[in-house]
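Down below are the structures I want you to see.
Two complexes come next, and they have one chain in common, subunit A, joined by subunit B in the first and subunit C in the second.
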Partner chain A sequence: MNNNTSLKSSSREKDNILLRIYRNPYFRYIIFGAILALIPIASGMNILPSSYITIMGSVMIYSIVGIGLNLLLGYSGLISLGTAGFMGLAAYVTGYLSVNVNAPFIVALAVSIFVVVLIGVIVGFVSLRVAGIYLAIATLCVSEILRKTFEELEWLTNGFSGLNASFPRLFGIQLNRKSTYFLIVVVLILVMMLTHNLVKGQMGRALHAMRESEVAAQAMGVNLLKYRLVVFAIATAYAAIGGALYIFFIRFSIPGTWTMALSLNILGAVVIGGLRSIYGTVIGCFVIFAIPDIVLKPLFGDVNGLQYVFSGLVVILVILFYPAGVKNMREDFFRLCRFLKKKINERKGKGEIQ
Partner chain B sequence: MNGFAILLQIILRSLETGGIYALASLGIIIIFRTSRISHFAQGAMGMFNTYVAAVLVDRMGLPLGIGVIVAVCLAVFIGFLVDFLVIRRAKNAIPVTKQILTLGLVTIFVGLAPMVCGVDPLSLPKFIPTGNISVAGASLSYNGLLNILIGIIIMLVLFYTLLKTKLGIAIRTTASNEPVARLMGVPTRNVTLFAWAVAAVLGCLAGIMQAPSTSVTTGVLDTVQINALIACVLGGFQTFYGPVIGSYIIALSSNLLNYYVSSVWGNQLVYLCILIFVVFRPQGIVGKKVVKKV
Partner chain C sequence: MPKNNSEKYTMDESLSLKITDLSINFGGLKAVDGLSIDVKKNEIFGLIGPNGAGKTTAFNCITQFYHPDRGEVLFRTKQGNVVNLVGRNTHDIIKLGLVRTFQNVEVIKELSLLENVLLGAHIDFKATIFEQALCLPRARREERELREKAAEGLRFMGIEALKDAKAGGQPYGVLKKVETARTLMCEPSLIILDEPAAGLNDSETAELTEIIRNIRDAYDCTILLVEHDMHLVMNVCERICAISFGEFLACGTPEEIQANALVQEAYLGEKEFKGGE
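After this line comes the complex of A and B, so read on.
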């Protein structure tokens, strides 16, 4: 009898440890990364077509950028339309450094992040004093300036013919497509963990206070400009990481890639995923950047502009009818289950009475 | 050509492009004032209607007048549709995401245009194909003159409507305080509906005026859209005439800088100057400062 209880309690403890590990957010992020890493393995075993590697790699790159944008939009309510410009600048700087200067991956990445964040902070410092729509317009200006610069500054960008790059060399090892994919997975997971910590930490509390009421937050001693600037800098830094990974993974960049359409698509992904949700952003990026290639193309063939109409429609429908975004889907699913169960029980009850 | 003639030529050219920007920015400001939404889709909606006009004229061989009339009617319809299907239903949306609605509209129209009208670039002819007049050594095409005049006439009609008619008063009351206007019996829903139609028509006209100088692609109004938005910031979101002034300033300064300073960096310089200007005067040239209350 006694033996039995102790066995029971020990098994419960074991359950608890497992549960605790399962509940650990970092562990979940790692599991999520492992699932993403399965895709090239699956395509190696001919379960998935190998084009999925490129598609999912791009989705993850845009997710990194989107997570930064989500911080900005979700917590400070500011819209940045300069994402594509910042990404493009990082892509060109990294590409130039690794092709022409032969700089190692880490150095090129660090330099490009530094350059982009510097520009971002200057723009932010200028435009964040004014609330409202001004950041959107200012970043739109900057994005436009950068796009025109990409077209004209041929020594850096190779103009309209485009800049070619190769897969990165990391610690003396030349990576190929699959290993670059794994590198992107690792970076994405690190970015997700970092963002998680930022949001849960002291800065996150300040941001939450700002979101509820800027005036109240100010009264509590939260420096609005400082936190807006920090969030904007983080968003540009993530955009820079995304741009650098883009040039190493896709290995080609033309000025036409870095237009407002890209900024809009990433914003759309953030909205679909749900504000202030890390996983949601990744799912949103999957919907915007992968569904058209994976689902719509085989289904409808190569219809011009279908991808745009699809993403625009999804964005509008989500804003109008499901404003909380995909992140709410799990809870809504459970709620639906409970509701159905209740209905069924009611029916049964009625049947018995009659 | 002497220096003065060149300057005059630049000014005349700026009046034409400035008019196009002004039409687009008027559409943006009307929407902003009545619906409280920053209208990023002005260019995209105008582009779609221009595409339809170009298909009718270029591919079906209809006369330009009919193409324009059909496009304007379509613009009214699309304006109604957007307000009725999307904007009206967004009352409960989160304010942040409400701004992104029009960004979603942009992607829809950019995708819809090639889907409906094909990907081949089309061209739209000028109203008056040939002929120049010369003013003190500077030459201006008849079509350019027509564009300048059309722009100015439309603006005059619009401002007359806003300032003198009953409809204009309804729009202005809705713009200054929507709930109170509704309480006072102003049919704000119809005002908003009307505003969207007007904005769509203005965008469509801007597109038709812009199209002959380039080919009709999905990006035909991209620069117009961006400059019109920036003109709204420069002129201030508080008045209806601020953006018009802003539009002409942007067109003139970018043409001047492109000619006298650098044809490569001129536009970038204009944007940079505006960015710096907004820091010192965030309410724009003629705007009033909005004081945020607790």
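After this line comes the complex of A and C, so read on.
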């Protein structure tokens, strides 16, 4: 009996090799990346305005940061309000290294990740011993200290005048806006895949256990402090990658960019996208960072602060009426389809009887 | 917390666990007071007592969820050396070969049954986080092998067919089995079961009796359990210790415990009850 079923299933799998490829999560991530890569091509063919490249590039950068924050919030239940500070620090370090020291892209990126994660781990080590809100408070303080430092530390950041940078050089090739966009797509897809692997493996299970039952996690040998630290380090590393890509893509950074508003916007994107959802975070970032520019600006003009009103409203609406976030939309859509189909069939059935 | 790792401890060859003078207070309430128990190797040992007697507290003191105020918990690890558990980190206990279940099943609802069991193999994963993120060969091989082992655990409990179902929404009896299967992943030398029969119906309890014996025989380990279901305790346990209000009452075979006057008094009340007989 057992043998029989396994034979059956293996032959079924062979038949549907296409279906299996389609179901492969890595394949889906690559398709997702290919769709994102269409935008500069479409704008090259004058289908989309070229400003969409910058907008979507930023959305992807914030998505990388958001995925890190989602890992932290969704799995360990901890909130970091220092995202913007860590991003900004990475942006300035990368910018300084590539402009003043003339370091290659990879070196600048690696150094900035190292510096930011180091600071993050120190902050985490102090505040994560006590669970709860302390990480949020500590990271908020660090973020504000960093922002003030950006204003004052002129040799690194050029103060209020802002730091100018250029598109990166990769393997001796000078990239332009479009090729940098493609670089961001590649990095985003890699980050999504790495996160996917982490979440599906031993670490993911440990994080799930920590979230749902700390006692079970401890009894099974999960070191709570270690995993809180690791997941926080990953979140800061992603923030650092985002910050480094920001300075290479936007090529300009002022201290005013790295305020708490940015941290909260990314947090909002995570909430809209749905906790523990990788795709959801990207969609959430699209809603928060792209809709205001793509939809609201053409409709209402350049109203000051409209973006914040919009993101605040969306976050409130999502929490009130759709607390699981965008990630549930696909399932709910299919459920709605099934429901409608059933209703239509019932109608038909009734009609035949009559 | 004092770390006693450097000290050498000895206990009788035949023992698996030796508790001496274990005590813990919660703000003046003596939850466990001077408790001493010897558990032999490969024994099924029961800890009983009326509600609030401190049974679960005693378990929590053994597994270091609570750190006792006084006393020693000597344990023979699966490597064979004797250690004092008191003062160790909660998450290090499983590495020594001591694993437990919980009174209210603690399974992870969002994970499948198989993944829940895999959580029990957490300490067996040697691949680093980088290897896991990049899905390097070692991480892939470990995941594959331990998944196979977890499926075996579920097969042992007779619920392999449900392995891919989410734990959320599964009946209580199934979750209890998942939790038990999880303890088997680390190849323990001592399993602590906290009320394994709570919430089970009669036929499930009868099945549990078999399961507990099978685990002891198949995995060659010692089992220590707290239970309210006297039928189960008297059936499955080889020796029983009774406690009341945190204090030791009696220890012996099921027959001896049933005949013990102190135990009867603790369960059935004052002497006038007996006088009325």
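The working rule: the second predicted complex is superposed on the first by the 331 of 354 C-alpha atoms of A that agree within 3 Å, B and C clash if a C-alpha of one lies under 4 Å from a C-alpha of the other, contacts with A are read in each partner's own complex, and residues count from 1 in each chain.
The rule is simple: contacts are C-beta pairs under 8 Å (C-beta built on N, C-alpha and C of every residue); 3 or more make two chains touch, one makes a residue touch a chain.
Remember, it's a predicted structure, so these values are computed and weren't measured experimentally.
Undergrad: Could you tell me whether subunit B and subunit C fit or clash when both sit on subunit A in the superposition?
TA: Once subunit A is superposed (C-alpha atoms), there is room for both subunit B and subunit C without a clash.
Undergrad: Give the angle at the C-alpha centre of subunit A formed by the C-alpha centres of subunit B and subunit C in the superposed arrangement, rounded to the nearest 10 degrees.
TA: Value: 80 degrees, nearest 10.
Undergrad: Could you say whether A:L69 touches subunit B, subunit C, both of them, or neither, answering first, second, both or neither?
TA: neither
Undergrad: Taking the superposition as given, does A:L207 touch the first partner, subunit B, the second, subunit C, both, or neither?
TA: neither
Undergrad: Of the two partners subunit B and subunit C, which one touches more residues belonging to subunit A?
TA: B
Undergrad: Could you tell me if A:L36 is touching subunit B, subunit C, both of them or neither one (first, second, both, neither)?
TA: neither
Undergrad: For A:L175, select first, second, both or neither according to whether it touches subunit B, subunit C, the two together, or no partner.
TA: In the superposition, A:L175 contacts neither subunit B nor subunit C.
Undergrad: First (subunit B), second (subunit C), both or neither: which does A:V230 touch?
TA: It touches subunit C, and subunit B stays clear.
Undergrad: Touching A:V111 in the superposition: subunit B (first), subunit C (second), both, neither?
TA: neither
Undergrad: After superposition on the shared chain, which partner residues are touched by A:L198: those of subunit B (first), subunit C (second), both, or neither?
TA: The second partner, subunit C, only.
Undergrad: By the touch definition at the top of the document, which applies to A:V215: first (subunit B), second (subunit C), both, or neither?
TA: both
Undergrad: Look across subunit B and subunit C in the superposition and give the shortest C-alpha distance you find, in Å.
TA: Once the two complexes are overlaid, subunit B and subunit C approach no closer than 10 Å between C-alpha atoms.
Undergrad: Show which residues of subunit A both subunit B and subunit C reach, each in its own complex.
TA: Overlap of subunit B and subunit C footprints on subunit A: residues 215.
Undergrad: Quick one: in the complex, what on subunit A touches subunit C?
TA: 194, 197-198, 201-203, 205-206, 208-209, 212-213, 215-224, 230
Undergrad: Which bits of subunit C are touching subunit A when the two form their complex?
TA: So the residues of subunit C touching subunit A come out as 63, 65, 89-95, 99-100, 102, 106-111, 115, 118-120, 122-123, 125, 127, 129, 132-135, 139, 142-143, 182, 186.
Undergrad: In the complex formed with subunit A, which residues of subunit B make contact?
TA: 38, 86, 89-90, 92-101, 103-115, 118-119, 222, 226, 229-230, 233, 237, 264-265, 267-268, 271-272, 274-276, 278-279, 282, 292, 294
Undergrad: Under the stated contact criterion, what part of subunit A meets subunit B in this complex?
TA: Interface residues on the subunit A side: 73, 77, 79, 123, 126-127, 129-131, 133-134, 136-138, 140-142, 144-145, 148-149, 152, 215, 260-261, 264-265, 267-268, 271, 275, 303-313, 315-316, 319-320, 323.
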